[in-house]
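Below, chain A partners chain B and then partners chain C, in two separate complexes.
After this line comes the complex of A and B, so read on.
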């Protein structure tokens, strides 16, 4: 009988290995160091020019757009993937944050690259988008059903129209926002946000939110204040989109209401679905892939968008649950896998000649199963076809 | 004075409960008093309004008429999750588990009310978080052990066989620390062996957790076997109540189930 391997599926394991903290901390520091070496350091400009032959400023701009899109995708994943409420106007909340933060930056006379002003603007964007999110979510989320999708869809359109009508600069655009392209600051902000969402979801509150996604009526019958959690999560998600808006504004310096229309909301939703609903690391991976793809495919010129869309379709067909499904990448698990690999390495090398012995035909436990559970039952019976057939596939449960 | 005595006497009381869906009177004049430690059965033909009565008692529907008392406290206008904190728990006719959560998580969700730590404590991973999570982990595992589910605690709930899913639903209801638990057709779709097992499970939780039980069931062997008192519902009205022997010989009940003589 094979040793039964238990996969841990629960949200919180209170008896965690202490080593995990250390490994996570070290990998975090390594990540920040990597970003610093590639983008932040004074010598990195030369690296880009001499080694890669690329335009440094353009690359920084793309990297910042990846950073704020990560915030957008992760926060949308919180309300769509974890809470299970379809949100079609996430860019609208981003617009609220972007305009609130930018108006503050412009009229307070903040200088470019002023990190303190950026942090205050981020707080303003966070709070204002949160307030608007609360006002939108409060009446809708009391109802059961998919009303939120329609309401947020129209909210996104209303916001961009309202901004057009308010006409802040007289020209339809808001210009003259002080730029700040401090990559290290943004990277730290993104890491903090992702960490907060991660730890938040791996707690009793996260468990309650997941239970609402699975079955709101049963959650209510188990004593979960469903409306409170729904409104709270939605508000938090909208507020985070506001932060992304401020980063966006400080990266570009010009705001146009057209940017925040329906198309952009769908673009974020595509990232979330592609990364896997409910998987935050999936959202991050999908953001990086989807934002770099158009750049990488630039040599294809006009055919770029066709290839891009085709690739999207292929990914969705082969991975219908998204790139990572509900799986979360864990630094500790990877570390453990690597340790196991290196421990087994000498043995694997020794067994290599046997493994590739010449065989004409060998059938070992050849098996075709229908339905997802058959494979599991088969494995439980020690991967032995004889016992399996004897039991007629009936599990011992 | 009078009220204090009443408080000890009953756990759940419905007074003249009624609900109308448009012109349909789904439940009418529904009076029920359940004493502490009782095991009461609610039976009736299909469409008699049994589940509607359950939904009224647990707060899914708001009654058009009447009042509901839980331990002497009026809970008529309370929302379902608040009623859970007052000590009422339920299971569903068509199993409602959190399918893509682990079995352990399914039970832990029900402990949410007894946990206190804030979102901030959770994100900062303060000692209080670990302490409470450890406590709940132990409690949830203890409950799963009682229901013989401890060997599948890391499975997804949807991967469990039918009988175990039913058990898990009852385990989840028990985890809310209820005084009364409402079981909606717990034996539906079960084979005789599973029903036997369920009967012993119900008896076990009644003794171990000191809960009062109200159950809807069509399986007469189960109802007559374990219920101390039975309430019969037809067309939204109570037509009979009493112990199993009385119910079996009641004329109205036989008419409701088998039809009466043609005049």
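After this line comes the complex of A and C, so read on.
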């Protein structure tokens, strides 16, 4: 037997890294330009109003909700997907950030659309949620598995109840927060956060976190300070949720503690698991899909939530590891694929008639086989379905 | 003083409902290590079946109670077969999300059928109030508490004395070894679900006569509190669920006893949970299992 030849590519090749940087930079600029053209530019308003017949304001609001949910999903994925600890109180940390940032915005007398004030509020939200996350994480991360999930759930509930008892504008409500719906600013913030998390997970610290998820005892034996990494990741994840809270507050202008209860934490967890635990690309895609799905399904009226939850069950049954598993999008790999495609393009064109002929032959073969065996195939299919129903699933033992 | 005792009775009545619900959580968790978030919604469905039986279709009360119990058990078993069984070998968090999705589905279906306006539940039996000095107690409270205690004793006898109960304990201890001993794991798990939802059905009857009105989201809070009860007592342990249930019921009425805002009950409740878990991570009656390498 012939051995497969494996070529180990050096990752320190300076030319390769330079090229990778360039490709990533260009794709980032393209992404920002796309967002600017769709939302930021003055003419996009008219496009929405006149051509698409859509309410521009409503669309901006939905887009901002997608942006802050991306932050929430990605940060929860950091602690649940990468660190492997199930956290059910993420919305609580978001509430801390939201209230801290909004109290600053309200009582510092910041005007609406004041970008500087927004940035300061985001920093305040980041730090305050981080502090609470650290205080919660220190004792809690001693526990493991389901108990950790339950205790984070309790902390989330306690945070929202404490806010209710603090009684800002009547049972925890906070009104009159200056609005700021600057999409470009938020897009840049989200991109920075995603980039930081991406590079962080590719660094040695990221690998240490992944090793804790795979086997904490083995990681500790290999000299990784497990507790330090656990608390650090948990704190960072909580702090990022605080940023999402500030964005949420500036988009809506009113805060209510009910929003940050258990149900919302679950909603974020559903996004993360649906996208694939440990895949940030998956989290982003799932956020966009899950937030747009209710809008798209609007024509179904009352049935849309029933269909939504049925879809969720079906997806989880057919794809237990999430939509994307652990796949990550890479601009460089896509670029290389495209380059290869264009290089092969002339040859492909040349081979086109031949390929079509091959395809036609295949179709002919298929029908030749399918025609006489149709009854057999349907019978087999029926049997398969029957056994599936009987055993209650394909993956049973 | 009489107020405190009256509230205590109220708390025990609530607690006995929580205990029955917590038993369902604990049994399912003990056997397949799944936090069944849809458990509270099984109770909601059972409540609405009693409601539609008595008020919409005008059936006799006993018939609609039996129908609701049968339907609850069927719902539990079918959910297990369709939604949880295919995921038994997948990551546990996937099964958890599926349970949440089932819960959402049940809530949305009943929201579609019954709308979100609260439905008024009439009493199942005539309310009689007894006065013993300053203490007030009604017959529904007495029946609720005694039925719950009787069903717990029956359950304990079933689990500890019968062959099926032995099989259940064996599967929860070690499913592979249990299979080697000739136990049918799938059948045992189905029976566990059936018993868990039967208890949920009984809890639904009690909730129906206790609360007075029904909404499609009633399972959420009930389920969460019962789940906390199961964890406080030690999840997977049957006497622990009973203990936790009564404890949570009493904690919930604690603010009324002392005379502070009812919002504090959530803080006391979850604070107790946190303290218990921090000092005894496996619950009050749980045994500490050492770390295995």
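Here is the rule we use: the second predicted complex is superposed on the first by the 321 of 397 C-alpha atoms of A that agree within 3 Å, B and C clash if a C-alpha of one lies under 4 Å from a C-alpha of the other, contacts with A are read in each partner's own complex, and residues count from 1 in each chain.
FYI, a residue touches a chain if its C-beta (ideal position, glycine included) is under 8 Å from a C-beta of that chain, and two chains touch if they have at least 3 such contacts.
Bear in mind that the values here come from a model prediction, so they are computed numbers and not experimental data.
Legend: residue contacts after superposition of the two complexes on their common chain; A:91 is shown touching neither chain B nor chain C.
When the shared chain is aligned, no partner comes close enough to touch A:239: not chain B, not chain C.
Of the two partner chains placed by superposition, only chain B is touched by A:226; chain C is not.
Shared-chain residue A:129: touches no atom of chain B or chain C. By the touch criterion stated above, A:139 is placed in contact with chain C alone, chain B being left untouched.
In the superposed model, A:217 makes contact with both chain B and chain C.
Look at A:196: by the touch rule set out above, it reaches chain B but stays clear of chain C. After overlaying the two complexes on the shared chain, residue contacts for A:303 are found with chain C alone; chain B is out of touch. Annotation: chain A residues 217, 395, 397 touch chain B in one complex and chain C in the other. By the touch criterion stated above, chain A contacts chain C in their complex at residues 80, 86, 139, 142-143, 146-147, 149-151, 154-155, 157-158, 161-162, 164-165, 217, 262-263, 266, 269-270, 273-274, 277, 302-303, 305-306, 308-310, 312-313, 316-317, 320-321, 391-397. Against chain B, in their complex, chain A makes its touches with residues 6-12, 14-15, 195-196, 199-200, 202-208, 210-211, 214-215, 217-226, 326, 373, 376, 395, 397. Those residues of chain B whose C-beta lies close enough to touch chain A in the complex are 58, 60, 79-81, 84-85, 89-90, 92, 96-102, 104-105, 108-113, 115, 117, 119, 122-125, 129-130, 132-134, 136-137, 152-156, 159-161, 164, 172-173, 175-176.
Across the interface of their complex, chain A is touched by residues 29, 33, 35, 81-83, 85-91, 93-94, 96-98, 100-102, 104-105, 108-109, 111-112, 220, 224, 227-228, 231, 235, 261, 263-264, 266-267, 270-271, 273-274, 277-278, 281-282, 291, 293 of chain C.
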